[in-house]
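Next come two complexes built around subunit A: one with subunit B, the other with subunit C.
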Partner chain A sequence: MKLRKKVLFSSVAVLALLALAITAFAAAPIGFDDKEIRIGQWGPQTGPAAAWGNVARGSKLLFDVVNEEGGIHGRKIKYFIRDDMYNPAQTVAVVKELVERQGVFAFVGGVGAACGMAVKNYLAANKIIWVGPSAAYNDFVFPVNPYLFAVYPLYKDEASILTKYIVEKLKTKKIGMLYQNDGYGKDGLSGVKERLATYKMSLVAEIPVEPTEKDLASQILKLKNSGAETVVMYVNPTAAVISLRTSATIGFKPQWVSSNTLSDYGLMYKITGGLWEGVITGAFAEIVDSKHPLMVKYREAAKRLTPEERWGVFYYAGILFADPLVEALRRVGRNLSTEATLKALNSIKDYQSIGPKITWTEKIHQGTDSVQIHKCGPGASSIMLQDWTANDLATWKK
Partner chain B sequence: MDMKRDYYEDIRLFKSNVVIFWTVVLLIALFTAPLYIDSYNVYLLNIIMVHVILAVGLNILVGSTGQISLGHAGFFAIGAYGTALLMMKFQIPFVFAILIAAFIAAFFGFILGLPALRLEGPYLAIASLGFGLTIMHIIGGMDVFGGRMGVRAPPLDLGIQQLGLTWILKTDVQKYYLILILTILLVVGARNILKTRVGRSFVAIRDSDIAAEVIGVNLTIYKTLAFAVSAFYAGVAGGLFGFVLGFFDPFTFNLILSIMFLVMVVVGGLGAIQGGIMGAALITYLQYDLFKNIAEVPYLGAFLVAVSKQWFTLVGLENFNAMAIGLIMIGIIIFEPLGMFGVWIRLKKYWMTWPF
Partner chain C sequence: MPIGQLLVEGLAIGACYGLFATAVVIIYKTSEVVNFAQGEMAMFSSFVAFHILSVYHYPFWLAFIMTMIFSILLGVLIEFLFLRPAKHPSILGMIVITLGAEMFLMGLASWKWGAEQQHFALPLDQRVTYEPVSGMVINNWTIAVLVVATVVMLLLYVFFKYTKLGVAMRATQQNKLAAKIMGINTGRIFSFAWGLSSLIGATAGMFFASRAALDPVFMMEPFLRAFAAAVLGGLMSIPGVIIGGGLMGLIENFFGYYWPHWKPIVAFIVIILVLCLRPSGLFARHYVKKV
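Moving on to the complex of A and B:
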């Protein structure tokens, strides 16, 4: 009796296992059919970097608008956002899931250099196109990866352009630098130094900051003692807030100049308690209240489709990063394939939406070396100081 | 029904032929799994097994010895960085590199075990938490470790370069078999530790450290040993994790990860090997797979999307992930303190006495 019971139980269990195994069989589909093109993006919706989750939601707005207008050559875009919590292990998992189960044609955006690095080779091996990572990272584009197309200007180029502006327009003689002690900060530092060398100038102070430091009093004091009139900062938002507050306390009032990673004035103004006013930053997209027709169009669409979302620079960066892919898909036409799309992407020349002009060739997948220069006005408003400017010192173009 | 007549019966690996039968079935299933599941699931299984190794090790510390640790992501990081860097910088073969890295982790475990001699409960939790965060920041601050930009794992070469032997594992399936074999070895190893003198000392310390000391258990040795063994497991898991991922940076090993490891052990069942395995498998599956696709689950998905539109923040359904894990944790502690292992025991009893 007991044996029979066990046999019964065992066979049920084995059958259940088999059933499970069969459901797992589904073959990986290709990225599109007659009705839809599947596009994915990972982004930290929760976890330590959740504040950058709006990039992925910004891309959604673009695809919603495209779909409203009838899609691309009769195909609608089906868009998947996956939360990776800024954790590369989870990025790999969500990307594999999207590629192998959902059958994604391409990825756009994607926050986090480490997250991107964790999936870069996998995407290339599976011939999945990836347009517009939301990080400037040399390893993404040098050497060229045939499936990866970057929109974001490199920090070094930006720093060089900002320095030119400081020397020629602000006429500052004494420039100090506060930089985060990692790839991001050091790229900025090398850009500043390269530009200053052409004027036979040098920094009066170069002060590294560890990303996690919470007390910057000694660094700010060093800057003050160096007599810097302008301070360039390549740091994270927290360090920027602490720097500005510390400076205000000790009565150090230089002209602050910072990278585009801190160009979300609405946010920075709020968390610095208004100290952000007067700060000059680089920018990879038009100003928030720009009259640019595309900006007006997307702003109106955002009000209509996602009224609860704040119209900030990283939200519409999601549009900027995804837009060249939509353009390439339009150029390909009805006969869609990965090869055709790659060809279209490689032939994109001086294409401009709400950011700089993008040019890709077979050999260079870094799309631009241009930034705008903005200044934070009263009440977190944006003032454009200088329109799209390329870095004449950029060596990678040659 | 679970009566033991002598000591040797207690330490036997397989208690009956039925257990042997099912173990063989399970092993066959595991070894043939890559034949019929897709590559995404192989990756998921790899992550699950890495977490299993870690959870089984953590369970020796938390479940069996009664010492809490919120710093296991630190040992995990030491394993990952140690293995990758030993292979890259010193050309040490994988097998030795992962062992050395695990022993380094174990050494740090021993160090962390020293304050544990004086600290208990929340104070130990704080000390271990500090350890985990410190490791993360030290690694992040030093260029030797690739700084904040992270490290790309070298090719997983099982051979010995110096002798001209190379056997590079490239695909997820190849890595699957390596991890599977190591997981089995380590799980059996953990069982052996717990069933022998060392394991009984651990349990004695958990139940009452004063009583344990009175009957002759050297607290200094066994408490630090528990930390070292647990850290060793975390180190091996970390070493494998680095290759599963291929690329990692210091912030991969953050506080949240340490907490998730603890969740795995608590949800699975404290003090039971099966608990660690079940907890790691369940939590990893939920976190990496089900919760990511919850919107596509029939009925439930649509319902949750509606709830999220009504009450959640802009982020939407992603909030659900953390909430669900929290709810599971609270639910387990209130209703089933033994965790999934407790559920398993009751199911087993039910089947053995069926239909009564």
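Moving on to the complex of A and C:
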């Protein structure tokens, strides 16, 4: 009888504790409380793509500045960076940890199309907002995902704008293309071809490269023999270095034009030993030494708060990708909720920070089709060739 | 079709593959172990050269000599610390240990020098070119890699064929126990093989780095190709792997000129075909071990 009483008492106690715990969890607002809003980002801090890890650290600078200025309606931003090593399986693990254990309200940035695709549906299923993926990928935004808002201009749009510049401003007749044999390169190729078709022109050579190839001699020889005066390249930084070095060794000197992924002139100039000078690229953000008031503000903040970081384009891209979420949270006010934030994000129209104007509606979550065009000058300096330009051929807007 | 230029480019990159493949073969000749850390050992040594050049600003040749010494020590150390402590390891076990060493070196390099690409240049201006025959441009890098690969191949051929140490290394590979009974210090042989292999690998690594960019993963792809070249030439033959590398470079470049989509895999298809007909590779004699 004594034992039965003990068991009964213990069971009641356990049940009561469980009930309390459940009530406590149910009452806790997910992702924020009166004092903080929890925001996360995954990014490769180690591993093969760690060079892009500065995107996540750039977002941290923005949140630190926001917190210094008093936060958003009395709430400070608590920011979590997790290293996924550019490995989609690892992305899933770190995102689940942030959602289920840390209770983040939203994600910003996130390097890598494959990494993003690995968690896209999970985030939507858990009603977690994701702003500014650090990759231009059609499947992120078409069809529209109610929780995902893209800032990064699509490669196809950028390639189309660059090609228009090549034909109309550089007056080039013979254009060749070197493209990475994946979604990134093929989107670029598609944009170039679409634009050239409007001039009744076609590429004199279109040559694929695999991302890991270390010898591009035959490809560069083919470009040289095609008579290409301008070569558009949608490749990774190492392939770009090999292309320029190989061209120099065989006396091939075209005008190189490239995507924004190679717009970190500080890095590209250094690793090509100065061969990057003269290369024209698209750009999704202002030039590195821009006089734009926000660029000045963040550059000064970076000197003060993170002097160890190089002020390069992918570092401040972290600011660009995260900034619209901060703007939406400001518009929401004190009564924060996922629904209210989604409403605020969907109402963002022609909002501009250090990149192109961003517009989102309930039906379109690709924020922009505009890029600037820059040129690498002496000593890795940036020269602005063309200000924000939209792609008049972009069909997704209609 | 620029035949002359494709020939030059194919032979140059092929010599680079061949040079690196000899590093793989030296370890294989001694212990029958394929060293999967070979690429990362070369990467690490190249980073050391980069560090000496960019931080201490020493002249290139001094940095080169210091790097060569470092690379020998690195090879010896990896053998001593990673492989020697293994008790009665199987070949597969040893290969797995080399995979561990690969990860360790990659992590160490990422931690020390970061993951951003770095510029690494040999004191050979690639923009200085010569045109001995019309349509056949040769630059300093190409000349250097061809000369170095040829010299290394000749020296190693003589070493393995005619020197006591070389013969002892071959004996150790064929029967470690018998070699021990004959008075060969097999422990020292392994250390020497790893040191020599690391030295040649580091030389090849610097050639690759000066053609592309230096980062902790830059030798992964060249290692695969060099390994394939070694298999093509025959894993036991030094001239065979250099010729295998050359063939690989030529096949890739000629084929890649017409069908760029197929360039990365064409050499591997050829290798599969060759191995179907000659399982030991083109230049190695097949031998059977009694069990």
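Note that the second predicted complex is superposed on the first by the 369 of 398 C-alpha atoms of A that agree within 3 Å, B and C clash if a C-alpha of one lies under 4 Å from a C-alpha of the other, contacts with A are read in each partner's own complex, and residues count from 1 in each chain.
Going forward, a contact is a pair of C-beta atoms (placed from the backbone, for glycine too) under 8 Å apart; a residue touches a chain by one contact, two chains touch by 3 or more.
Remember, predicted model here, so these are calculated numbers, not experimental data.
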| item | value |
| --- | --- |
| Which superposed partner A:Arg57 touches (first subunit B, second subunit C, both, neither) | first |
| Partner chain in contact with A:Leu170 - subunit B first, subunit C second, else both or neither | neither |
| Which superposed partner A:Thr46 touches (first subunit B, second subunit C, both, neither) | both |
| Which superposed partner A:Thr212 touches (first subunit B, second subunit C, both, neither) | both |
| Which of subunit B and subunit C A:Pro88 touches, first, second, both or neither | first |
| Touched partner set for A:Ala124, first subunit B, second subunit C, both or neither | neither |
| First, second, both or neither for A:Leu305, with subunit B first and subunit C second | neither |
| Intersection of the subunit A residues that touch subunit B with those that touch subunit C | 46-48, 50, 53, 181, 210, 212 |
| Touch list for subunit C against partner subunit A, complex | 2, 5-6, 9-10, 12-13, 107, 110, 114-119, 121, 126-127, 129, 137, 139, 141-142, 208, 211-213, 215-218, 220-222, 225, 249, 252-254, 256-257, 260-261, 263-264 |
| Subunit B contact footprint on subunit A (complex, rising order) | 5-6, 9, 14, 17, 21, 24-26, 28, 45-48, 50, 53-54, 57, 82-83, 85-90, 92-94, 96-97, 99-101, 113-114, 117-118, 121-122, 181-183, 210-212, 308-309 |
| Partner subunit C, residues of subunit A touching it in the complex | 44, 46-51, 53, 181, 207-210, 212-215, 217-219, 221-222, 224-225, 237-238, 241-242, 245-246, 248-251, 267, 270-273 |
| Complex contacts: residues of subunit B adjacent to subunit A | 18, 25, 29, 36-41, 43-44, 47, 137, 140-141, 147-150, 152, 241, 244-249, 251-252, 254, 256-257, 287-289, 292-293, 314-316, 318-319, 321-322, 351, 354 |
